[in-house]
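Right, one structure below, let's go through it.
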């Protein structure tokens, strides 16, 4: 396919239009047989990716490396800060310039907000943001959107619920923002008072004329939803352990709850993983579970993005 | 060659018959020029292996990765638990399902007994056990058997001695069990009282009508042996440091001891490595030393197993 | 090209003549399009490199791995001692023999002086020294020399200054020794009293009839130099923090200082990186800065060395 657009870097999902996202998804579709090892490919043979992971993130790192390698490319990099020159006091800008001298594309995971943007300024080669602190993790958002589109047919007109820690979840903020660009029907935010979606996000949704509703329990709204996106509620957000335990049990998604609330048969349940208690394993074998597929979709989506920034023509 | 059998996973050596093992060894023979870098091969081009090492094991990990890469395949994975999602509380079952979504085969090293069996239940792709706690390490057993066969001509009719910590050594339990399936002549277990081979193992040998004898020093039996398999005696097994020091010096294999006891010229000395004091470096240059060859054999043997589970026809 | 010489190992720069070094540089020139990902190459397809890094060194490790992979080869290894068998008490000699059984070339980084020489004695395959304690780091010296030759046209007749910690810098000792083999015009050593170049080095330069001068500040000599090679001055070298702060500000290279001292327009400033304060970022955008290029040159130079020891004919 010919890209209808060009990007030098993948820093934030906000740099992409709906058309551009859909173009990525089309390319991801083409990547699936390669991602699954059914079709050999060497379009990126000779190309080199550097993974600079200043904080560990197995899932993200493995899927990027797998994506690159299935396309014939190679990877170098580090998985933890302890192995890097950062220890010796090197600035991120310097590390990026050196890494850009070795490889054709940099995948950066960093604990500081804005790290990827900074890196893109100092790099001669494309930078893909694999998470910068509480800020952005655009490839996660791409794979979330792609999963919704693949499993629901299209993104428009869906009713999508978000449950859990809506205040601190980078994943949910970013996905909600991206969804607001589509003709989405409605969004539902389900969380305890202390973990409500932040005001800035709600303001942004209003600007995009997205209708949203807030709930403090899933029970009243579960039957309406096409998609339920879960995230973990972390104990450290609560001053009181007892309060945490109460909240946890209300927000735990399990088969019984779905039945009790009359969830649609077609309801898709998503989760960025890893999960702990918030999503019961009794959902795993149900038709609702799409979270392992969602993780797997990380590979073709990242292949599409790698191919795009490395300017390969996959027509 | 065409496999005369099929296996989805390699969890324990007990899942294999003698015929199946010999079939693996034949394939390993064919792999040798590839394992040594003398013959290029790309039969596994496009295939992806994930190494999930919850505890470090350099030797095992490197030989698996080398095996895969010499066949044209690629590897992703982690080498230490600190870099994984396990820290965030993810279950092994979840990690396996995600990894199975990324790659074509999983090589798992885990500190819990039974981890590989569990993994094989949750994985859509083959799982190879690279050691699960005190339980099984089947690829080590395969390479041990292969080394015996290669260096002695055949496994049947040999007199094989095991020396060192026979109580806790997973390597020795597993190898003795596997050998009991062959028409082995005799086994000799040489260890201090406190580190004798466990009863269950001896029972199992009786069931297979293997003749065995137990000794508390190597001196009386060394001259009889075709193979002597050494393992390390660890200080932490002894309450008393003095006792440990005494034992250690009795069980140390060195040139002088071999000469004194009249070891056969053809005696093969094996060791799973790493060694510390139990095997003197003065053996290294002798015709008895096969332990470095043994380590090296890990590559073609693992290539044969990888090829088998990835269902490639190496005829 | 056909090598006019053969080396089994790369342990120290002292094993190479000027002719041999120049032969490496010619080959490095040919490697550049491959190192930059512009030309596909698979001359080392099927070959396997083991990186044994007993201490972390991101830059060196990534550039070796990138070099190998751009040539079609593969890598296995470890990046930190914690993942190795060294923890279990294995000797370096044993680890080397095992690694030599898996791969075609070993790249070793070790904290002990002489480790690489020892390794070369026990290895059946070539060993490349990637730094052994305070002793040698020959591939760094090769890339430094190559950078001087590339950016200045030739090494002969240059005036080269070294600034910073000249007492403890392995990089500078090794480079100065290597330069002494060329028809270099003059060397200038600029350092605080406590960090002067060691006597043995100065003796060696005298033997090679190199003229050298020592300075305690850059001001008096900066205008003469064709190349200024900077290194970091570490606080731990000083008993007194105040003294360190004074020294630091005198030895900090920045635009203003270059202007004040009348540095040549053609002055090349080098640094092995990572840098901290000793080299101001205001130099980065000037024509003087060659340090990022220098780091990048590590790839083609290491490709040339890998090709040489793996005996590939890149004619």
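Descriptive notes on the structure:
Each chain gets a letter, A, B and C, in the order it is written, and its residues are counted from 1.
One rule holds for everything that comes next: a residue touches a chain if its C-beta (ideal position, glycine included) is under 8 Å from a C-beta of that chain, and two chains touch if they have at least 3 such contacts.
Remember, it's a predicted structure, so these values are computed and weren't measured experimentally.
Between the two copies, chain A and chain C, the Cα superposition rotates by 120°, quoted to the nearest 5. Shared numbers divided by all numbers used gives the overlap of an interface; between chain A and chain B this overlap falls below half, so the copies present different residues.
The geometric centre of chain A is 41 Å away from that of chain B, both derived from CA atoms. Listed for chain B are no residues, as none touches two or more other chains.
Note for the complex: chain B touches chain C at residues 34, 37, 39-41, 56, 58-59, 62-63, 65-66, 69-70, 79-80, 273-276, 281, 292-293, 295-296, 298-299. Across the interface of their complex, chain B is touched by residues 45-48, 50, 74, 76-78, 82-85, 87-90, 93-95, 97-99, 101-104 of chain C.
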